[in-house]
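One chain, chain A, appears in both complexes that follow, with chain B as partner in the first and chain C in the second.
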Partner chain A sequence: MLQDILITGLVNSGVYALLAIGFSLIFGVARIVNIAHTAFYMLAAYCFYALLVKTGLGFAGAAVIAVVAVTALSVLCYRLVIEPVREHEAAVLIATIALALIFQELMLLTFGGHYLGIPSTLEGSARFFGVSIPYQRLLILVVAAAMLGAVWFLLYRTRLGLAIRATANDLEVANLMGMNVHRVAMATVAISVALAAVAGVVVAPVFVVDPFMWLAPLVTMLAIVVLGGLGSMKGSLIGALIIGYVEAITVFALPAGAYLKGAVALLIMVAVLLARPEGLFGVAFEEER
Partner chain B sequence: MYPLRRAWAELRNEIFVLPSRTLVLLWVVALLSLPLVYDDAYVLRILTMTCIFAMFAASWDMLAGYTGQVNFGHALFFGAGAYTSALLSQDLGVSPWLTIWAGAAVAALVGWGVGYLCLRLRGSYLSLATLAFPLIVLGLLFAFPGFSGGELGISPVRRLVLTPTQNYYVAAVLMLAVVFGLWLVADSKFGIVLHAIRDDEVAARASGINTPRYKLAVFALSAAAAGLAGALFAHYLRVAGPSTLEVALSFQVVIWGIFGGVATIYGPVAAVFLLYPLTEWLASARFEFMGKTVNVGEIRLLLFALIVLLVLLFMPRGLAPWVRDKVETQCPRCKQRNGAWKRICRLCGASLKADASQSKVARAERLVGHQ
Partner chain C sequence: MLRSALLACALALAAPLALAQGTIKIGVLGPMTQPQGEYHWYGAEMARDDINKAGGINVGGKKMQIELVRADTNEHQSIPDATNAIERVITRDKVDFLVGGFRSEAVLAMQEVAADYKKIFLGAGSAHPQLAQRVEKDYERYKYWFRITPVNSTDLGKTLVGVLGSVAGQIRKELNKPTPKIAILAEKAIWNEPIIKALPPVFQKMKMEVVGTWQPSALATDVTAELAAIDRAGTDIVFTLLSGPVGITVGRQMGERNMKAVAFGINVEAQKEEFWQAAAGKANYVSTLDTYAEVEMTPKSIPFVRAFKSRFGKPPTYTAGTHDAIYLLKEAIEKAGTTDAQKLIPVMEKMSYTGAGGVIEFTKGHDPIWGPGKSTGIAVQWQDGKKVAFWPPQVKGMQPFKLPSH
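Our next item is the complex of A and B:
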């Protein structure tokens, strides 16, 4: 059981980390609480399914096209829906909720409400320490690690990353230093949704694909981001590990654990917030006036 | 004769001078007299639900709009009221007329507790943390089905009254009482303090306002109103189930509140009265399209989201403030509101039609970046 907990926790943490870091990025740079973030993850899973099963493209081709298409769609949504109401925070909030609902309903209309099965990208399983791990789960782990590495490289080793970090730190000063903050915000939207889309594509064969698959990860992702500190990459990563393992332990160790896993994860978030209101790695911002 | 003349003078001078007040009066009269002229059971059912949700949306606005504590888990209070009232009336056999108040009281207690836990949080942290509470309770309900009825909830719950008309009047009268009560509170000195807390909490504290106490009071007050709505909901639909705690309901109230216009009380109420009947009507509507019958019920949530999105693009501050700005203007000198057709202010006599030079200055001020 211990090995099960270790492996399941690690795989779930990888997926959560991909989602949470993207959400955290877009909040840090543009102060957008993007409720539709996991809806893009759902869209990517559906897109992958449609390309794979209906058109018969290979796994790699379908995955790449799905990620690119969803990212392009997110930039379009940002330009058409979010940018015109950027000054009104409340309007941005329900615009993202409305977007998520629209995606959910469109998928419901197109594919129906039943669960869709997607064939595994890789068959077979490997054995570590007496536990057999399907290759598909290993793939999730590898992809998550690679994407996290890529994001780290982008943020800390490129000029765009510098601009993103500067904008997240202080939007007005970044603007005064000659950075095009609108374009930086758009690039951040693209990066963040691309991460969510990658997560959607790799988990599609393991988790069930249905139009409501965005709700459960949304809540977990929000818990992780708040736990780690809004806008902090390191916080999101560590938060994802904590919540991933807590969920795994609850499911395997408690009776009725499947019902309680969300509740326990959220309780931990609340407990952390009580001790440290700005999350584990959040910065206590000077009150914005 | 004198009281009648006096009443007419009050009506003319205080209500008919402003289009918004006239609209509110018309709405109240229409609401109370509708069953007398048209008592179709289906229409009354939809309007009863509308009244219950209007109460719920107004309570959210008190907390999120006025005080700035944007609550993403408002369904917790709704569910607390529903479950408390249902459990008390079923297990202890207390009259539902008493248990709905018990539901409101328990919800107020829960609201106080949530407020206490969230005192140090602000902004997005508060929103996202409050989202967690109803889900924690939901997890517990599913894990211990013996007490809560699990996924099915508690049913059948006893009714308050029997006929559709009586149900309608109970919901409508209680809704009017709660909404006008909240509006009075929001308009009082207490409400001004709430505005101050939302706009700048540090400055409010520096001015000697005990902000934690005010925030706790608002959490309890708003939760009590939401709990009353939840209790009415449970006794009307005769079931208190997990749907009263779901994320969907919490998001729904956020949509109503922001769509109608926050920090107004009447905005969210107007939004519910527009959007809820609209979605119900869409659910049953069907039309011919290219020789096929399209059932709108399947795409109603899609249409709902599209309408909300489009309206927001044109009225980012919400529906009610937009309409109010169209039919009324603010006097530049005494800040009182006037009908849009007036040339001079009805109270201080200042000219309301801004001349060319004034509007130019206003535009220059905007360029300087004054918010």
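Our next item is the complex of A and C:
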């Protein structure tokens, strides 16, 4: 059972990490709580489905177009919906909820409430320590690791990354130093949504695509980023590992309570928050910003 | 010349009106953006068109046409939306009868509204026994409720045991396993609770070893942990009680893991034609109870399924039981000669109606009586992209059940 928990938990964590890191990045840099983050993930999954299954485009072509299209849409949404109200955090929260619901209803109108399936990019499965893992899930792990590496490179080895980190550190000083903070925020939105779109594209083949698929990961993702510390990438990664493993342990230790795995994850989040309100790796609130 | 031509035109236009003296309004309740609601509507539309084309319903000598009112209950997401929808069709659209409903939690609430307004409500979706228990306990209030499809969950349990007996027999014979191991994989929902409670002792009596019960959420998109544990327990049969999208995930992930166990039970998603695509072609050998197939359950089964397929391009699922519901209503109205609920109810209680899914006669709680030759439902299995019916074996058109070959 231990090897089952180790491997299943790791794969679950990979999926969550992909989503949580993008969400955390945009919050850390631009203080935008983007509730529509997982709705972009849902849009990417639909876009990938439409291109792959309906138009017959290949995996690579469909994936690239889906990620690019959804990223471009996010920039448009940022300019039209988020930027005008950016100064008001509550308004941003509500605007992004509205965006998510609009996307959900649009998909419901276009594709109906049917559950759609996407063929696996990689067929077959491998066995590790007696546990069978489909290649598609291993691909998620590889992509999650590659994306983490790419984000680290971007943040710590490029000028844009420097600007992003500077803005995250102190928005006003970055502005005074002549950085175009709005452009930095827009670039961060694009990077963050691109990560969600990549998640949508690699995860969709193991999940079922439907207009409500953004809701469950949203709750888990919020639990992860709050647990890890809002705005902390390292925290998101560790939070994803904790939640992924907690879910796996719940299912293995408590089979008849498998449906409680989300609740147990949230309970752990609450417990951590009581002991450490800023999360495991978060910066203590307000004053530091 | 012109005058007589105009008169002929006017008469021709007036003729259908003269034939159809008024309409009978039927509210079709279902989650219309979801497949369950879609099938509610398809079944009702087909019944309406066929009945209207044949002249309508004969109500004490008057021919009346059927008018359908489509009500989106959005019951997957919100029970208040469902009660608002039923209230709206009763008060604003002034419907005479109600058909449909799917999610037990919502149907239990809608049953209250129908009782408040004393409207006959023919259920075509929910299996919860409480709907019928209410009729038995407080007849005067709840007598307006009748269930058409499926049979209630206790009776579903009887069918499940019947099918499981033959599946287990096949495992004993083909795999030489005298005590097959069975895992219960049931979503957390109220409709399946009576079955989960009742079946484990029955399985033991049937000489099967229960390895455990796993209860994921009905909306779970990942059951790898559950399946890993089930696999490790050396399971032969994964007994499913699933109505949500988790049914697709289970089918697909069992295929991806090349599991040796076969899935049988209730998997509502697997009843749909879209299941194979939704599970990306991985859900071979997944089997489930179902209601309609091109087999001779009754003389009406094959013609109905064929007509449905040719009109909508896919076979009916059990919420298309609105078709049988409306035809049953027609027969009752014609027998009673009235649309008055108080006079119709005693007629319906004594009826024996041969529908496309079985012969419907009602219990005291207005549930279809369960039993061979009445209503049992059928069992189907996905075999290489095709849904084939395999139980009850004595019915003409059934095909053999297959075990995963490894």
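Basically, the second predicted complex is superposed on the first by the 284 of 289 C-alpha atoms of A that agree within 3 Å, B and C clash if a C-alpha of one lies under 4 Å from a C-alpha of the other, contacts with A are read in each partner's own complex, and residues count from 1 in each chain.
We take it that a contact is a pair of C-beta atoms (placed from the backbone, for glycine too) under 8 Å apart; a residue touches a chain by one contact, two chains touch by 3 or more.
Remember, it's a predicted structure, so these values are computed and weren't measured experimentally.
In the superposed model, A:81 lies in contact with chain B only, and not with chain C.
By the touch criterion defined above, A:37 lies against neither chain B nor chain C after alignment on the C-alpha atoms of chain A. By the touch criterion defined above, A:114 lies against chain C but remains apart from chain B after alignment on the C-alpha atoms of chain A. By the document's definition of touching, both partners, chain B and chain C, reach A:256. With both structures placed on the common chain, the touch criterion links A:98 to chain B but leaves chain C unconnected. Touched by chain B in one complex and by chain C in the other are residues 256, 259, 262 of chain A. For chain B in complex with chain A, the touching residues are 70, 117, 120-121, 124-125, 127-129, 131-133, 135-136, 138-140, 142-143, 200-202, 247, 251, 254-255, 258-259, 262, 298-299, 301-302, 304-306, 308-309, 312-313, 316-318.
Chain C makes touch with chain A in their complex at residues 31, 33-35, 38, 76-77, 187-188, 212-217, 219-222, 224-226, 228-229, 231-232, 245, 248-249, 252-253, 256-258, 269, 274, 277-281. In the complex of the two chains, the chain A residues touching chain B come out as 27, 33, 35, 81, 84-85, 87-88, 90-91, 93-95, 97-99, 101-102, 104-106, 109, 215, 219, 222-223, 225-226, 230, 256, 259-264, 266-267, 269-270, 273-274, 277-279, 287, 289. Within the complex, the chain A residues that touch chain C are 1, 4-5, 8, 11-12, 15, 108, 112-120, 125, 131-132, 134, 136-137, 205-208, 210, 212-213, 216, 247-248, 251-252, 255-259, 262.
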